[in-house]
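Same chain, two partners: chain A is paired with chain B first, then with chain C.
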Partner chain A sequence: MEAYLVAIAIVALIYVLLALGLTLQYGFTGLINFGHVGFFAIGAYTSAILAMNGLPLVLSFAAGTIVAGLAAWPIGLIALRLRDDYFAIVTLGFSETVRLVITSEKWLTNGVQGIPAIPRMFAGISVGSLASFAVLAVLLVVTIVAILGMGRIVKSPFGRIIEAIRDNEDAVKALGKDPARFKVQVLILGSGLAGLAGAFYAHYITYIVPDQFIPLVTFYVWMAIIIGGVGRVSGAVVGTVLLMVLLEGSRFIRDVMPFISDVEMASVRLGVIGLLLILFTIYRPQGLMGDFTRR
Partner chain B sequence: MINRRTLLTAVAGTGALMAAPSILRAQGAGAGPIRIGALNPVTGSGSPYGSGMQKMILAAAEAVNAAGGAAGRPIEIIAEDTQTNPQAGVLAAKKLIEANKVQAILGTWSSGVSLAVIPLCNDAGIPLFHCSGAPALSTPPANAKGLGFRFQATNDRFGRAFAEICVKEGFKRPATMAFNNASGIGNTEGFRKAWEAKGGKVVESVVYEPNQSTYRSELMKVLAAQPDVIVTGSYLADTTILLREWFQSGQPVRWIIPGWAANPDLIKALGPEVTEDIISVDSVSNEGSPAYAQYDAAYQKAMNQPGSANVYAAMTWDMVNVLALAIEAAGSADMAAVVPKLREVGNPPGTVVSSFAEGKAALKNGKINYDGASSVLDFDQYGDVTPDFGAYFIKGGKLERRYIVKI
Partner chain C sequence: MFYAQLIVNGLVQGLIVGLAALAVTLVFGVARFANAATGDTMTFGAYAALIGHKATGSLVVAGGAAVGATALLSLTVYALVFRKLAGRSVVALLVTSIGVGFLLRSVLGIVFGHNQQLFTVPLVRPIRFNGLIINPFDLQLAAVAAVALVGVFLVLYATPIGRRMRAVADNRELALVSGIRPERVMIALWLLVGAVTGVAGMMLGMKTIVSPELGWEMLLPAFAAAILGGIGSPVGAVLAGLLLGVAQELSTPFVGFTYKLSISFVVLLLVLLVRPRGLFGRLEGVR
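Here is the complex of A and B:
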């Protein structure tokens, strides 16, 4: 049983990393990024391909993070010209483009066949559960570092400027700051986090294929931060954990209530999430951990 | 107004409630019934087949239990949904292995899910029975411990069947069109290999992207090469669009299409005129066999449809029977002993049996050979089966089986 809980915790933490990146981009800077999964995919494939070619995992993880961050650079330049909805469309297009490139460039990514048998973290530890505990520990440390780092960023002058960009970009310009530069930096930081999450994902699931990097992943992350509360670091964490409990916990409802068939359960699960999203937007638009100091 | 603390408490409480009963249940693992996981694509792109597959696992287990269980113990099925998604599949498999302590996982469908789940089965030392086509599942690293057993033909074998039919029908200039995923490309690449081995040449091959509203440009590219037949690795939705646009173009050409795309739904969507003379190729369920008759009856009862509507359900039906027979033959549910017995009870020589009850009785007198509902079910050294293929011609809106192709 504990190995299953560890598995859920690992996947939840990977999503927490994704949610943190998106919180920085949307919650604090107001960039509507609908292409988060694209950076996740870039991180996963970069790290997987490098590791398959014998690079030590520490380096491949770093490479995955950096490449995903750099991939946000051109998007950032476009973001200078576009706001809100238009930027959302461009990012959604970007993530689909990434998926199609991965699908088409067979020589590099093995196309639709996917990359099987990606080396695991702590492969040296042969005992199965101990290795996953080690993975969990590393992820936990990385996540805590990311949370603390984000806390610092948000409280710094940099953090105040990006929040100002979110609230009133023209005012920031009038104060003599260059919003464009900050936006690009935020995009790179958030996408780097997504890339890191991708590297963890690839080496944990050990098999990646373009079908795993569909926009649904982006929208799961969006659901998590909407439930948790946008613009709060704690919101990203709480929202993601709650979403995982809902998605995974519903498996166990059937062990207690066997009269619900699997087909019904799958629909019930989606229905509950949808209902929850609606209830949140009606009764608690700030999310669970929302910022009540404003408005 | 609900405050934050009340909400959080409520959420934590719900989570604990959800988790608690299964922790209690897990204590009893090891004794009592043999636990088997049914891991099927109930939702997602496999949903047309998944719930039928799962119901047939349950039905077959019921039949096994009615015959007194395997090795003296009843079988308990714990069912899960893969959502046809590798990540959800991995978590579901972890739950089955860790929380429910299952002894085998049956019925994963898409290759992506099977490839993601099989490392977990290797770690746990339990077999995975799947219906996926990807060739990578036969060999290491995926099947390093020989625990993967495939009840479906590989995509490669489908391709070989297509090539046999091309020869038989006297086609000279085949072209291929593939849906861009492992299965679609597997079919057309398998065809290309087999066709070129026969000295033929593929005049044009196109790979197209899923979920488009039109495939006209891809189709024009293929038709420009003047093929006499187009071989596809496609699914129902895209095949419908392809054929409609081809019919509008008016250029005469024949089609060879896998059976999961060229089925009665396709004829219903396009009408008999468009689909006339299309050749539909599918692995043939072992239709004449007594096992198929039993499966068909069970499927009718559970799904209110004929058993031929879901070839994968016939495979999952066989999965339970073969596994139960192997457990019976091994005399225990210890998978290290059961897995080597799978080939013994499935492959010749031996008394041919078609159900668990029959096999259980025959095992007392020596070796048996289970002939299943989906195929005669003889595993090769990779754990793959080689079913026969049927060439069906669509005539006047009906699928007519003309001949059987053996490869």
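Here is the complex of A and C:
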């Protein structure tokens, strides 16, 4: 039971990192990134491939973060001149293209078979549960640093500008600021965070295949921040906890009702995510942690 | 000759993309959002056609079932979901349409299972024409698409409700001031969009294998074709769909089967960078 809770906590924190990245991009700046999972995948594969070739994990994690952030740069330059909805479509297309590339380039990513036996973190600690605790501790520290860092960013002049871009881009332009530059920076930061989350994911799960990086993951994160409350760090955290309850809870339902098959359960999960996205957008767009006084 | 064959194959695929893009562009033009549920609505149409076909064995009944059921579904989704979001931001509508798509796919997966199902159509000897191999079934599908297209364009350009729809797409405020009832236009729009999506879904299902994931893969090509054709331009959407279908097939010998899907992404980027109005766009020069 303890091992199970630790495992859930680790996955939850990975999702918190993803949600924080999206909160920075959508919540604070208003960028509709529908391709978050693409950057998550880039981080995971970069770190896994480098570590398999003998690079120390600290460096491979850094590389995963940086490569994911850099991948956002050209996308940002191209797409940020576009309208909101076009940006969403382009990023969605980007994440699907990333998935096609990791499926097809077998020499690099081993295609659909995926990369097995990725080096674990803290492989030196022989006691299994202790190693998991160490992973959890590191993730917790990283997440707290990310949350504090985001708090700093939001209160800084940079944060005021990105929030102003979300609220009224023309006004920001009129003040002589270039919104596009700030948007690219935000996109890189958020995607780097997603890449870091990907690196943790790859080295914790130790096995990655292209099918783990479908657009559904992007919308798990979207659901988390919409339920939690868009544009709030607390919302990202609360939303992710609820997401984990939902994803993991469905596993327990199968214990009670074993006649439901795996694929059926996946369908049910998909449906619940869809329904929550619809209901929250219609009836409670500000999310659970949002302002309760207005609708 | 090899390439000519690829072009012929691409045309049928292109008709499907074109119909899907037509659905996307109609919603975008009149209701003003990118409907990400289009793909999964196509899947629904494919299953409706499958049921109709299994029950009677007639392709006409299958087509009728696809058109009728999908039009009704589309109207229901509008009444229950999109109508409540009128006047809300683009994100709200986009995210909700993703949610609608997921919900549809989930329900289809639960009801029909994840086994791949096939339309059992009789095998016919292909027609050879100067070395080109043409499957008569493809000709039937092309005829179905042509009928659907003629139907849509008749509604759009030869009926009062079509004129009102175009008026709302052109200038919503002006249309409302002129006494056009937006509710009626929306009902007609979603019925029409549903019918088109149903036909596209049925054709896709007949060309490939019916599974709950069938339509999602078509979403990106449909968006790409709608933008390439110029958003809000029905003629442009169909022509761009044909172009994209042919381009996908022609690219296969060079980039391989998997990457053929990413052609639509590349086309999408190029159009947005070079000519965001698309080929026939006149409505908005905004990108």
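Keep this in mind: the second predicted complex is superposed on the first by the 256 of 295 C-alpha atoms of A that agree within 3 Å, B and C clash if a C-alpha of one lies under 4 Å from a C-alpha of the other, contacts with A are read in each partner's own complex, and residues count from 1 in each chain.
Please note the rule applied: contacts are C-beta pairs under 8 Å (C-beta built on N, C-alpha and C of every residue); 3 or more make two chains touch, one makes a residue touch a chain.
Just so you know, these numbers come straight off a predicted model, no measurement behind them.
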| said: Contacts for A:256 in the overlay, against chain B (first) and chain C (second): which applies, first, second, both or neither? | reply: first
| said: Applying the document's definition of touch, where does A:160 land relative to chain B and chain C: first, second, both, or neither? | reply: neither
| said: Just checking: does A:277 make contact with chain B only, chain C only, both, or neither of them? Give me first, second, both or neither. | reply: second
| said: Quick check on the superposed pair: does A:173 touch chain B, chain C, both, or neither? Answer first, second, both or neither. | reply: neither
| task | Classify the contacts of A:81 with the two partner chains as first (chain B alone), second (chain C alone), both, or neither. | result | second
| query | Taking the superposition as given, does A:152 touch the first partner, chain B, the second, chain C, both, or neither? | reply | neither
| said: Let me test your reading of the model: by the given contact rule, A:181 touches which partner, first (chain B), second (chain C), both or neither? | reply: neither
| task | Return first, second, both or neither, reflecting whether A:112 touches chain B, chain C, both chains, or no partner chain. | result | first
| query | Common interface residues of chain A with chain B and chain C? | reply | 100, 103, 263, 266-267
| said: Quick check on the complex: what are the chain B residues that touch chain A? | reply: 2, 4, 7-8, 11, 14-15, 18-19, 21-23, 25-26, 40, 42-43, 51, 54, 79-81, 83, 85-87, 90-92, 94-95, 97-99, 112, 115-116, 119, 123-124, 134, 136, 141-142, 180-182, 184-185, 209
| request: Would you tell me which residues of chain C are touching chain A in their complex? | output: 33-34, 81, 84-85, 88, 90-92, 94-96, 98-107, 109-110, 113-114, 212, 220, 223-224, 227, 256, 258-259, 261-262, 264-265, 268-269, 272-273, 276, 286-287
| Residue ranges of chain A in contact with chain C within the complex | 26, 32, 34, 78-79, 81-86, 88-90, 92-94, 96-97, 100, 103-104, 216, 219, 222, 226, 263-264, 266-278, 281-282, 285
| Contact footprint of chain B on chain A as seen in their complex | 1-4, 7-8, 11, 100, 103, 111-114, 116-117, 128, 205-207, 209, 211-212, 238, 242, 245, 248-256, 261-263, 265-267, 283-284, 288-289
